[in-house]
Every structure is written in structure tokens, then in C-alpha cells.
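Chain naming follows the written order as A, B, C and D, and within any one chain the residues start at number 1.
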Amino acid sequence: MSSGLGCDGLPSNWGRWGAGDELGTLNLVTDEVRARAVAEARTGRWVSLAMPVDPASMLGGPFAPPAPASPPVQQAMLYTGIPPMGMSEVLVVTPHHPGLTHLDAPAHMQVDGLVYPGRPLTEAVTPAGVEHGSTTAFADGVLTRGVLLDLAPGGRLPSAHPIAGADLDAAERRAGVRVEPGDALVVRGGWAFSWDGGEPTPGMTVDAVAWMQRRDVCLYAGDIGDAFPPMDPQVPMPLHQVGLTRLGMPLIDGAQVEDLASTFAELGRYAFLLTVAPPRLRGATGVPVNPFAIF
Amino acid sequence: MSSGLGCDGLPSNWGRWGAGDELGTLNLVTDEVRARAVAEARTGRWVSLAMPVDPASMLGGPFAPPAPASPPVQQAMLYTGIPPMGMSEVLVVTPHHPGLTHLDAPAHMQVDGLVYPGRPLTEAVTPAGVEHGSTTAFADGVLTRGVLLDLAPGGRLPSAHPIAGADLDAAERRAGVRVEPGDALVVRGGWAFSWDGGEPTPGMTVDAVAWMQRRDVCLYAGDIGDAFPPMDPQVPMPLHQVGLTRLGMPLIDGAQVEDLASTFAELGRYAFLLTVAPPRLRGATGVPVNPFAIF
Amino acid sequence: MSSGLGCDGLPSNWGRWGAGDELGTLNLVTDEVRARAVAEARTGRWVSLAMPVDPASMLGGPFAPPAPASPPVQQAMLYTGIPPMGMSEVLVVTPHHPGLTHLDAPAHMQVDGLVYPGRPLTEAVTPAGVEHGSTTAFADGVLTRGVLLDLAPGGRLPSAHPIAGADLDAAERRAGVRVEPGDALVVRGGWAFSWDGGEPTPGMTVDAVAWMQRRDVCLYAGDIGDAFPPMDPQVPMPLHQVGLTRLGMPLIDGAQVEDLASTFAELGRYAFLLTVAPPRLRGATGVPVNPFAIF
Amino acid sequence: MSSGLGCDGLPSNWGRWGAGDELGTLNLVTDEVRARAVAEARTGRWVSLAMPVDPASMLGGPFAPPAPASPPVQQAMLYTGIPPMGMSEVLVVTPHHPGLTHLDAPAHMQVDGLVYPGRPLTEAVTPAGVEHGSTTAFADGVLTRGVLLDLAPGGRLPSAHPIAGADLDAAERRAGVRVEPGDALVVRGGWAFSWDGGEPTPGMTVDAVAWMQRRDVCLYAGDIGDAFPPMDPQVPMPLHQVGLTRLGMPLIDGAQVEDLASTFAELGRYAFLLTVAPPRLRGATGVPVNPFAIF
């Protein structure tokens, strides 16, 4: 039963895979799905779905290289003697930064004090660490088929556009592709992360997330996600509050899909083998990731 | 010319791909190699070659969960209100930590003040950042064929064993597999990272690194690497000082290959599609990584 | 009115200096108190009341110097060229660590969701920072008279000893000194911070904190504080939950008072000029500090 | 012999207090100097010589409070449950940041590979830590007499003004005060730290540092220091390269002296009791500090 609703009328997978489940929609990635996925890898060509990131130097003052405010990754290059034994560094990483392509684990988001699949946040996240819904369940990584739906081929969506299921249907028709159960959905809206971000962004509606539930999408990645500022006062963050928390569908925030879109324009194909291999870090609520689209 | 020697008589690729090259042996991964690699991916089954890591809490004192000394990853779970808006964290990462599976970039290691391919360290690494030989060239990731050579099937190498080319030849014969140009070499010695590490480890000799050069290995990953303590006073770290610096061969330190070994024992195959997808971080000398062996 | 009780029957200063007060008992340090304090400084001899701290190296692995688990201060020595332009570092500090002498600001501790003087925690501490009760009010530092009460001259208090007001009275009589309004109280119990900390420590009771209120103590510093494990299930942390939260009395946790005690044994004086000069950091809930006892 | 020159003709104290000395000019603070210092403390009024600092939040993204680029102090407020057990944080500190009032230890600066008093940098600072010339020798703090020399009363020095000994003499005459052996010299130039810092700053010349040597100044603090950009190609940083390295005179960079200047304008006094009490951190090359001027 893939189109359940919670008692609040919103799409929900709570209970679908048991009360202790941590995999969420990754349960949909069966052997059959994986076999379908690797069948898309024919030449070994691939593109990255991550934004490149330049670390900011932790040196301060007139001798330090310029750095942006609130950088996602900072670097302290370590002194190890003259001549140095080897160059190494300490990195300070803010995984959920919008300028860093990252994977959200279910414990990242709570609704009314509950995280997927209905577990109290206070049990899931304690001062001792994340006991439930962390990256632990994802740390092995993800391998499945990915499908790109380009919502604005060659351009970008209008500012503050509310994306509905019908937009996803239309993109499928344009591309001649269909999102099957267990596929990862990769969305292009033509909006890249920007430091100033003055303009209201487009974003997914509950209707679009319901579409993802109907299609049994296992993972979402996009250059757009929830609208900022929010558009729906009832559900300000549909992807996070419904997709991640109610469906247990992991999210890749801040995907970079321009290279993917241009490759597909060239090849005329919209499906690929997707690998998501975060550093094998357990117990986090998010982790930077470099998804590969292999075809 | 794949078997060049430097003027010091040690294997060297300096100059092979030009004076400004940053890819090193990754230049060997041609379209043909990638096509051979994806041909190994038949079912979509995969294993991770990374050690799982539990972050240490940055809380201190009697209320803090116990943590090891010098952990590779530390986590500060962020307060974001009551109830929290969302759970997120700051991570402090020491990429070159032996307890963290990571990729070494050429600028990590210098010999006589030079990094691959003969560039002065002082030009390659400056207070403003790593200008040459950083992870920038690798940030897109690596996709190639991987081959596992198990040097001690079902057990482990003797302590302080010096691994020679002949050991690699013998492992090939046992497995009925051959490392081809552009392949990644994955080695199992049966020695996992340990916090106490009192026992002298086995390690690669210059002879073994010369073997890798002859075979045009594009990348090395192993649960063992350079012996610690060093065995050869002339070249205390053959993999790092010859493999990384002179050959420009990226290294994955601290690979976890037990899962790979048992999978292969089950399937009777020793080659696979290898993907290495570090966070797309430029300008670092090392970065944590979760390599996938897909078959 | 310096001996108020809250509606829960516990000592309280809520409302004594207004609803928006952030100084708490530091309001008691008048010009007259300060004049009395500097009169104690006659020779310029001084001792530090801070534990010395060695930073732990953030380098990891076999080349790194050994470090304790969960250190209070970590150091990444920065690479700034060959030869280096100048040596500098990044420090990672956990201010509330029991191995680091530090000053607690009122926002550090809440009781039933309220911080001194009855402000909701959710207003005092927000994701944007600490709006009320932070170190901002203390960042200029403290200058007052300090008085040492040695509860176990030449030895140490018994394990798990509950310290009552009568213990403080007895120490005053022994030393021939009297804690006056606006004085800082420095307590010696003979228990230093220890990493293993297996033994139950002595600690202050509500009765002792009520004594501090009656005497109008402006600040508490001690080598002991709240008992760990707690002794009183109703009020597990009397100094923090009553002294800091209800009285608004700043606490210096982890003071080192052995040097002070031996100096006083030598001089036969138990009062001194106390200066507390934390880094002038606003908006924190705690900050490392090096109090001076000048006489 | 307080006016020695090194073999390069520059003022030097190398050898004056032995080859292993780490205190440098702090050796000049005798019991007599300290007695003179506390005699200046008459009322207990005091001002801080530190710039207030607001930590930058380590949260990133649209929900995070705005932060400057390259902040001197960052703060990660820690999640410790709902309701939180207590509020605490991790601080990331860059001690030598020009926006943070801090104390430089001798090992901060080398000249021709040597640190005060002629020790090779490679012995003083090793991968294992700072073995010589660190904050260890200063960690107890400093107590001495301070004298303010205001070089531009009521205004500020011209841009790029080279400060000579004659400027210091003139300021003494204006104020009717004299810097005695063992005093700390506090200088006001009317230039506060600024983030943009486009304008060339005034700065100390070798002539001024020679004046400090003649007067046996034990410590320098100022709102100005070395000119930026440098004015003297031979000695681009006279205070750091001569004062700190050759004289062993600790420097307080980025002092805030406006409050001190206005207090003295009010009182007509230019000398005071100075306390410098850095967190008692050993093994660092710099540490934030909040100097007190007590009078």
C-alpha cells in the first residue's frame, strides 16, 4: 500500500515497514531495482551531482585569503615541521549548509516532536548521540536507478513557482521516461544555490510529494527543494516535513544537475545508474555527498 | 613508457603527463577502461570499502558520552530551539586519520621539498591554499575497474612482512585474475586499523610499488599500506613516497576489505566496478571516502 | 532584602534587581566593595586560580602526540609556508569542560524552562544566539574582594560529604575572616578534577547556597561545586540550580586553589583582591577564565 | 645591559637572561615593580583593554544569523535534549585574528628560522607541540604597572605615520608621566580594527622599538602595532620581528584603549595597575586576553 495517508490527511509511510524502521523508502530498492539500475550503465561515462566546494581558510586577518561568511567547509592546514612531514588538515564541516550537496537523514526533521516513523525526537536524538534515524542506516550508501525530470529545460522555473504533481507528469512526458518504484527522482528547476538569495525560490508542494509517494520514489535529489520563503503556512516545508518525516524518503539537498542535464541533452537519455556514497559516518543527521550519475 | 625511473633510481612518472599534471595515474583511466569497468556491474549488488566511523561527541565532562582519544570525526549537535527547528551538526574531521578511510591527494606528501610531478611544495601549498596537487583534480571522483588481491586469504599477513611484487603475482595466480592498465588495485592483508597498534604491521616495499608501476595501476586501496614502524630506512614510506609522490598514484588509506573478500569468496569473482566519490571538496590534501565495489 | 525565597521555597533573587537584570549578584559589587578589595593588594604578589591546560593536538594517527579523550582544548597548529610567516593556531574550546577553569553565565542553566531572573529559556537562548543571561554582562570582567574558606586544611573533604552552611561558618572561624556583602567566595575542598573521577565527590547543599545568599556572596569559585553523583534528588545541582539560576550568582567551575591555600598558609591572610578577566566574549554561556588572587 | 644590539645591528636581548629563557622582558617585573604597580590601584575602578567580540554562529544557511567572513570566534550551541540539560557550546577560536585582543608568545614569530632568544624554530615548534616560547611561560599571567601614551589625544594618527621614539617622548611630556623599567607600555593611536581596512595604518618603527628597549618596557599593548602595509622593506614588522623576536617582549595585539583614554582624560592620571590574565593555556603561540587597567 504505497499511497497511505496519516491521520492528519498528509501522505505517510509510518508503519509501512515497521515501527523501528530506519531505511524508509530505501526499502523499495530491491534486487530487481538494482539490476534495472546497473543495466543503465553501458559506457562508464559519468557526471557528478554535487556542487564543487572550496574550503574557507581558518586563518584570519590581513594575511589570510578572503573567505565568504558562513562557509560550509573550513580548512586549517596543519603545521607538521620544516620541511613538513606531510601536508594534512582539519576540516570543519556544516553538513546541512545549502551551499553543500548533502544527504538528509530522517532524524534531521521532526514534526510535532516526532521523527520518521513516528518515533519521539527525544528518543531518537539524545545528548549521547542520534539513536534512531541517523545516517547509520544510509552509511553503506545507495545504488539505484535515477531519473532526471527537467522542469524547465534550457531555462529556469519562475520565482516562487509552486511545483505540483502535474509539473512532474509533464516533465516525464517531455522526456519520454517514467519514474518506476524504487527509482531516485532527480529534479532540475534551474535554480542554483546563491549566497545572496534575495529572490523567492520555487518549491515542491504537498501535491508533488504525494506524487512521489504514489510513484514509490526512493530518494529525492534536486537543485531545488522546499520553497524559501515558504509558500504554504500549513506545511511550510513539504519535502522535509512530508517527504523526509512522513514518507521516510531521504533527501539530497543542493544537488547540482546542470552537468547532468547537458549530458542528457546530448545523449537523449534520462535514466542512469545512481550511486550515493557518503563518507561512512554513522550517527549524523546529514552528511556531504557526491552522487554519481553513470550511464 | 610506463616503467620510468627517476634520477634517484626509484620508479617515477614525473614528466609522463606533463609538468603541470595533477591527475597522475588517473590519466590511465580511458574510455576503454571505464567500459571494461561497467561491464563488471551485472547485478547491482555492492559492498562498501570504507570503515564505519562513529563520531565522537564534542561535549565534555561527566554528562558526555565516552569518546576515544584523537578521534577522526567529532560531532557537535546544534541547539536550534525548543522544540528544535531541525537537528543538525558541525563535524570536525581529520581526513588523514588512520581510522578514517580516505583518499590522499598528491600534495599530501613531499620528498625533498617536491610534490608530484616535481613541483616545489612551496608553490603547491601556500598559506592561501593548495594550488597544485589537491583534491581538486579528484573531486569529480573516480570510476574504473577494481581488482582485489588477497595476500592472506582467510587469515592475515605476518607482522612486519615486507610485501614484494612476487606476493602480488602469487595473489593474482591464486585468484585467476590479472591487474590491467588503468585498474584500481585493492589489497587485503587482513590487518584492520587498531587504536593501540602495538604490533608492527606488514607493508609495501619499493619492489611492490614498482610492480604497480609496471602494471599501470591507477589507484591503490588497501587495509594495509606502508609498514609502521617503517622497514626500509632509505624509503620509509614506499607507497606514499614512491607511489603517491613519484608515480602520482592516489592512495586510499584505511580501506576496509573484509566485506569485499567474503563477497568474492562467495561469488568466485575478483574484479568489479569501483566508484570513488569523495565529497566534491577542492583544495584539500585528503578527504574521507566511501568506495563502492559493484558487481 | 537579601534572603528572599521563591514560591518553591528555595532561595531566590528573582525580581531583586528587576525583570531584565543580567548581572545578578554582581550588582552587589559597589564602589565601596571595590575600594575594600584593592585595599587588600599591598605587595603585588599574586596567584592564579586556574588549572593549567595543555591543548590536545588535532593531528591524528601514529605521528600525532598522545592526547586524552574528550580534551577541553584542542589545537591545530597552522601551516603558513616554508619557512612559516608566523606560527599560529586554531583552538577548539569546550568552555564547560570540568577540566577547564571557567565562568558560568546564567543562561547556562535552566530550571523548569526558566533562566535567571525568571526569563523563559526559549527567549533567552535562540538559534540566533544568547539574547539574555550570556557572558555579555560579565565580559568586562569582575573585580572584588575574595575570601578563601578552606573546608579541609591540609587534606580533603570526605567523599560524598554534603557541605552545609555550618561548614562554611566553621571555616570562617578557623581562618578568622568574615565573608562580607559583595565578596567572592572561594572554597577549597581538596578535590581536584580527575579524568577517571570514579569516587563520589563532596558537594554544596541548598543549605550552603542559602548561606551564600544570606551573606550576599557575589560570585562562587571552588575546587568543588555540585556533588557528582548528585546527593539530593529534589535539587540535584544546588549551586547551579539555586546559586546560578535562582540567585543569579555566577560560578567559576574547576578553580584550582592549592596555590592560594599554600600562599595563605604562609601569609596568614585569607582575603585578597580578586580579578576575573575572561576573554571579552559576548553571547556565550561560559568562557575559560584565569582568576587572579592579588595580595 | 639593557640596550644591546644583535650582530645585525638591531636591538636584541638574546642572551640577556640565558639561552633557555622564555620570559623575555617579563623578567623585568620585579617585586619592586609589582609593589609600584599595586600602589596605583586606589579606588578599584577599572576598564578593560579588550575589544568586545561577538561569536559567529556555526549554523549555516537561510536559518542562520548573519556572520562576518573570517570571524575570530565561532560558536556552536550544543543540543543537550528537550528540555536541554544545560546550555553549552563549542568555540572555535583563531587567537591571532586582528579582530581579537590577544597576547603573542615568542614562538609566534621567527626571523631567519630563529625564535627568541636565538632558538631554532624547528626545535621550538614541532609536530608534537610548542616546546619553547609558547604561552606556557605567560600562562600564569602578568601583573605590573601600565602607562598609557596617547599619540593622538582626541583624534588619530595620520595614515601610514611612522612612529618614532620621539613620538613616544612627546607623549610622555604631554602626559607628565615616565615609563619606568618593568612597566607595560600601552599606546593609543586612535586606529581601531576594521574589517575592510583599506587605509594604510600607522605603525611602530625600529627606532620606536629601540626606545622600548632603552626604557626596559616589559610588554606592549596598543590599538596600533606594526604598519599594514609595511613601511620598511628591511624590517617589515618592527614590533613583531624586533620587539617580540629579538627583545622577547610579549605583545598584546588589538588592544582597545578608547575607554582607558577617556577615563584618564577624566582623572588626569596615566599610570595604573595592569593585569593580563589569559586562559591558563600552555603550549600555544597566542591566546585571547582581557587586560584590566585598575586605578
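The rule is simple: a contact is a pair of C-beta atoms (placed from the backbone, for glycine too) under 8 Å apart; a residue touches a chain by one contact, two chains touch by 3 or more.
These numbers come from a predicted model, not from an experiment.
**Q** How many links in the shortest chain of touching chains run from chain A to chain C?
**A** Step count on the best path from chain A to chain C: 1.
**Q** Between chain D and chain C, is it the same set of residue numbers doing the touching on each side, over half shared, or a different set?
**A** Same residues, largely: of all residue numbers at this interface, over half are found in both copies.
**Q** How many angstrom lie between the CA centroids of chain B and chain D, rounded to a whole number?
**A** 45
**Q** Using mean CA coordinates as chain centres, what's the gap between chain C and chain D in Å?
**A** One centre to the other, that is 27 Å.
**Q** Please work out the Cα centroid separation of chain B and chain C, and write it as a whole number of Å.
**A** Spacing between the chain centres: roughly 48 Å.
**Q** Residues of chain D touching 2+ other chains?
**A** Residues 57-59, 63-64, 77, 79-80, 82-85, 87-88, 90, 92, 94, 96, 100, 113, 121, 125, 127.
**Q** Chain adjacency by touch: line, ring, star, complete or other shape?
**A** complete
**Q** Which positions of chain D touch chain C when the two form their complex?
**A** On the chain D side, the touching residues are 31, 33-38, 41-46, 48, 50-55, 57, 59, 63-65, 73, 75, 77, 83-84, 86-96, 100-101, 107-110, 113, 121, 125, 127-130, 139-141, 143, 240, 273, 275, 277-286, 288-292, 294.
**Q** Name, in rising order, each residue of chain D that touches chain B in their complex.
**A** Where chain D meets chain B, its residues are 58-59, 63, 76-80, 82-85, 87-88, 90.
**Q** Quick check on the complex: what are the chain C residues that touch chain B?
**A** Listed in rising order, the residues are 56-62, 64, 66-72, 79-82, 85, 92, 94, 96-99, 113, 121-122, 125-127, 197, 228.
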